[in-house]
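Below are structures written as structure tokens.
Same chain, two partners: subunit A is paired with subunit B first, then with subunit C.
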Partner chain A sequence: MGITVNDKEYEFVKNETVSDLLQRLQFRFPLIIVRINGEFIPRKSYAETVVPKNATISVIHMISGG
Partner chain B sequence: MNIEEQHRLSTRLKNACVGIAGVGGLGSNAAISLIRAGVGSLVLVDHDTVEESNLNRQYYFTDQIGIKKVVALKENILRINPLASLDIHCEKLKPGAMTSYFKDVDVIIEALDNAIVKIQFIEEVLEMLPEKIIIAASGVAGYGHSDRICTRRVGNLFVCYDENARSSDEDVLMAPKVCLMANWQANLALEVLLGEK
Partner chain C sequence: MVEGQIPIQEYQTGNTKHTWNIEKLLSAHKKLSEHSYTKGIVEKGYANRTLYVNLTTGEIKEKNVSEDMKHLFTGGRGFGLKLLWDSIKPTTRWNSEENELIITTGPLCGITQYPGSGKSLCLTVSPSTNIICDSNVGGFFGPYLKFAGFDALEIQGKAKKDVVIVIDGETGTVSIESAPLEETNSHLLSEQLTHIYASEDSDVSRQKVSIVSAGTGAEHSYWGCMNFSFYDIRRKVPRLKQAGRGGLGTVLRDKHVKAIVVKVETIDGVSNHPVDPDTLAMVGTKIHREIRDLDRFQCNMRSVGTAHLAEIMDAYDLLPTENYRFGSFPKAPRIYSPEFYKLFTKIIPDGCWHGCTMACAKTVDGYTVMTGPYKGQKVTVDGPEYETVGCGSNMSLWDPLWILEFNFYCDTYGIDTISAGTAIAYYMEMYEYGILNKERCDGLELCFGNGEAVLELLHRIAKGDTGEFIQTAAKGIRRVKDWLKKKNWGEPYLIEECGMESKGLEYSEYVTKESLAMQGGYGLTLKGPQHDEAWLIFMDMVNNQIPTFQDKAEALHYFPMWRTWFGLNGLCKLPWNDIEPENNAETDEPAKVPEHVQNYVDLFTAVTGVKVDKNELINQSERCYNWQRATNVWLGRGTRKDDWIPYRSMGPVTPLEYGSRMQRYDDQLVEKLGLKKEEVEKMSIEERIKELYRYRQDQYQKLADAVYYRRGWTPNGIPTPQKMKSLGFTDKKMLSMLQKKIDEDEKNGLNKWCGTYRGKEKPPSDIPRYWEKW
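And now, the complex of A and B:
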């Protein structure tokens, strides 16, 4: 089993942080909201939060305009 | 619809309070729709003043140029429903205290323009008011492609989302798409307040 990001399956990488994952999946947008297994991950924790096996991850990017 | 059900819905909405952060293109149009739908109370927060360039998409009029947006919007809302309860705050949301006006509302609508401020606000709501439902919007710039818009729900955060839109720095802001997303947010707020149908 891997991980699921925005409903797509990806390979699980041991000890991968949220920062590493975003880099691996080439999320270029700097302004994003990340939730792992329903839990909101603040941006300041991306570098130390490790992505668990079988995680379900949502990444939403915020675009200016309102 | 039978009268009892209609009464139940209108009573629920009359007693509901929606908080709106930012009353530009998204917030002013969402507020008007919610009031027309029968929502009884709104908390409106924005520090801006109505400018001529806003009139292509925001719910203001030429004779309101130069007036604070929350004051102008209150005027416009009261012309639709003089009994609406409006708690207006002409203030800039300050990081660290962004949620202070929204503690007692039933639903929060994020209607800010700048992506950095949007994220700060959403993060603060998710951290400080974890039980609260927040409805955000992302990707309001441009025209056409209405069918790209969708709702993304992640826990208590709903996002009215056009993933492929460009930012407002690179694309135009025009009434049809902005109002579409503002009303999408208002419609989601009704869904939250009344329960799914």
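And now, the complex of A and C:
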């Protein structure tokens, strides 16, 4: 069992924080919103929040550009 | 003064100083026509009149703006569309006598309380597309035009020789003057005219003058942009912002307009005479604080402007590289924003209109020009913005100095960086394949990464070189495709599908292969592939928020309408979503930035006194959006076939591209097309490309079906009379023209959906002529 990010399956990594996950997926856009199993994760908590097994995660990138 | 900044008096750009013989330049001017007007007061954001100048006859007159015009067209781009509709014909082309060049403002244009409020909107029938092109631009001209007395400037006809149009808001006169001796290229011409027309020899007076110009590159190409000046009181130079897309500068020079000058007597924070200045101040203060406190944690616009997008696009495989073949590249870090940050002047604030705390207009002062007629001189380069950096990666130029050189010459020659960069990248790919070569390119070695050849091409275009390639290349990708096919120099599929243009306009700088919605964001547009209608790549490709055709169609309805609204009001889009409130993430629709939408509702009401809500803002846009599409139909385009896009924007055209992302494409053949993995492995790369090609072409047609239906158009993309009436339009000429076109389409079998629907899939409607039931 892994985790789901934006409806796509990814491998579960033990003790992986939100910051680590964003780095792994190369999500480096600054305007993003993270929810784990529907719960909003504040930006300041990314470094401490551990991603649980089987989590459903949405990483919403806000529109920018041009 | 903010900590870290230095006093105005102490800053030196280090630029090469010029001494102009102003008396000599002025003595050569001959006044050809003059009109005096009564200086008015702007009321509730409107000057309530527009200015008409006919260069053929010398006629200069004022036109009233009616309440009906304000209601139906709001202002800005809307006014421009109305004025064009009243003045051109279905047969009008870019260089027709009756074609107009229009510069408009908008009711919120010129407020100083809210960032990004100094935009002008420019419209004309484009040389690239033969339909209406609109382009927005910063700088002082738009606000000054309004405060000099006019909501819009309408230029028709052609002068016999080069002229300057002078709108003098101090004396209340408009004149057409011959101007034979001034420079043509914008960085020098703007400086000369700013000094000539400033009332006094002081920086304060020079700041009250703004110049519109286009250089020699605009004369000899279809890529002409218009440069709008804003005198930088700290750098003591007129800086330039560009109305880039669609060849507006080409039309300006075709009319033999060397420049348009506007000057104002005075401006202040309430020159618009808003009905509720307190609300303006309150809403403005709120966002200024937001930008001050949050920008450094978000997009860092105040430090590097939109250039910050280079590293982001590279990370997401969206940075166009070698003519959009790839979306990332190992050398890309060399042109990330920190590399430009090193070059930007950091000690003084930037901004292209007063009160803009976002201040994204970055400059490199004292840049030493490496090539061409200004080689060795030191100049101020405005930018580069992200799009120009993206042109660098597209041409495989990985040295920031070559990108600055390209940026400087494009600007002063009056050439749109986006169209030129995208087109040259295409020529470079054709060069790689041997379809073009040194001989066919009039001696240029136009291979990827050759910055010297890129600049030489620009210099030769600007000089009016008569070489067959130079002449054709300067007209853009569409004409080069036709030329290459006529010469029989290569495989038509390769020539056609690699060239990133649609409707004749070159793409801006994003790779769209993996985002169907963004393919629509470029293709299902009014003027052509420019990202200012919708930027949906993250929402679609990364967030997976709009998985169905209906979802994508809804996004391709809402966002183009919302973004159109900025153009109706003289506003910049950036303060809407390139900065976000701290709690935006917790709102219901964070992608729309609800708090900022409410800001705009409040601003509109505070300036105009007209009570609106967020839905009415969309209605305002929808009226203009449909009017523009209908005008395109009238001009003979604006149908499904005109919304065609090249396959390079949908998927891999060549085995090299397929091979560079082989796992991704092979997986899609299995997951999306239902092929077995073993089947895919047995297929050649060419066969895999063909399968993917068929699938993705059909996806695009289904998307077009859904979008046309959502927008209230026929399956051939025609706005219906029913839709136009529901928006409040009663113009009989417009309504009967649309009905006639729909009837013709019916006879020709074009009122049908074009996607292939299998199994449970259904087109947007089963009802024939569904719009008649609305």
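Here, the second predicted complex is superposed on the first by the 63 of 66 C-alpha atoms of A that agree within 3 Å, B and C clash if a C-alpha of one lies under 4 Å from a C-alpha of the other, contacts with A are read in each partner's own complex, and residues count from 1 in each chain.
Rule of thumb we're sticking to: a contact is a pair of C-beta atoms (placed from the backbone, for glycine too) under 8 Å apart; a residue touches a chain by one contact, two chains touch by 3 or more.
Predicted model only: the values in this text are computed from it and were never measured.
Colleague: Looking at the overlay, does A:Phe40 come into contact with subunit B only (first), subunit C only (second), both, or neither?
Modeller: So A:Phe40 meets both subunit B and subunit C here.
Colleague: Touching A:Lys8, do we find subunit B (first), subunit C (second), both, or neither?
Modeller: second
Colleague: Just checking: does A:Arg28 make contact with subunit B only, subunit C only, both, or neither of them? Give me first, second, both or neither.
Modeller: second
Colleague: For the three-chain arrangement built by superposition, which of subunit B and subunit C touches the greater number of subunit A residues?
Modeller: Between subunit B and subunit C, C touches the greater number of residues in subunit A.
Colleague: What is the contact status of A:Met62 with respect to subunit B (first) and subunit C (second): first, second, both, or neither?
Modeller: Both subunit B and subunit C are touched by A:Met62.
Colleague: Of all the subunit A residues, which ones make contact with subunit B and with subunit C?
Modeller: In subunit A, residues 31, 33, 40, 43, 58, 60-66 are touched by subunit B and also by subunit C.
Colleague: Touching residues of subunit A toward subunit B in the complex: what are they?
Modeller: Subunit A reaches subunit B through residues 31-33, 35, 38, 40, 42-43, 58, 60-66.
Colleague: Which stretch or stretches of subunit A touch subunit C in the complex?
Modeller: For this pair, the touching residues of subunit A are 6-8, 26-31, 33, 40, 43, 58-66.
Colleague: Can you check the complex and tell me which residues of subunit B touch subunit A?
Modeller: For subunit B paired with subunit A, touching residues are 22, 24-27, 111-116, 118-119, 122-123, 126-127, 136-141, 152, 154-155, 157, 159, 161-163, 165-169, 171, 173, 178.
Colleague: List the residues on subunit C that touch subunit A in their complex, please.
Modeller: Spelled out, the residues of subunit C in touch with subunit A are 297-300, 306, 309, 311-312, 315-316, 386-387, 508, 510, 531-532, 535-539, 542-545, 547, 559, 573, 577-578, 580, 584-586, 590-591, 593.
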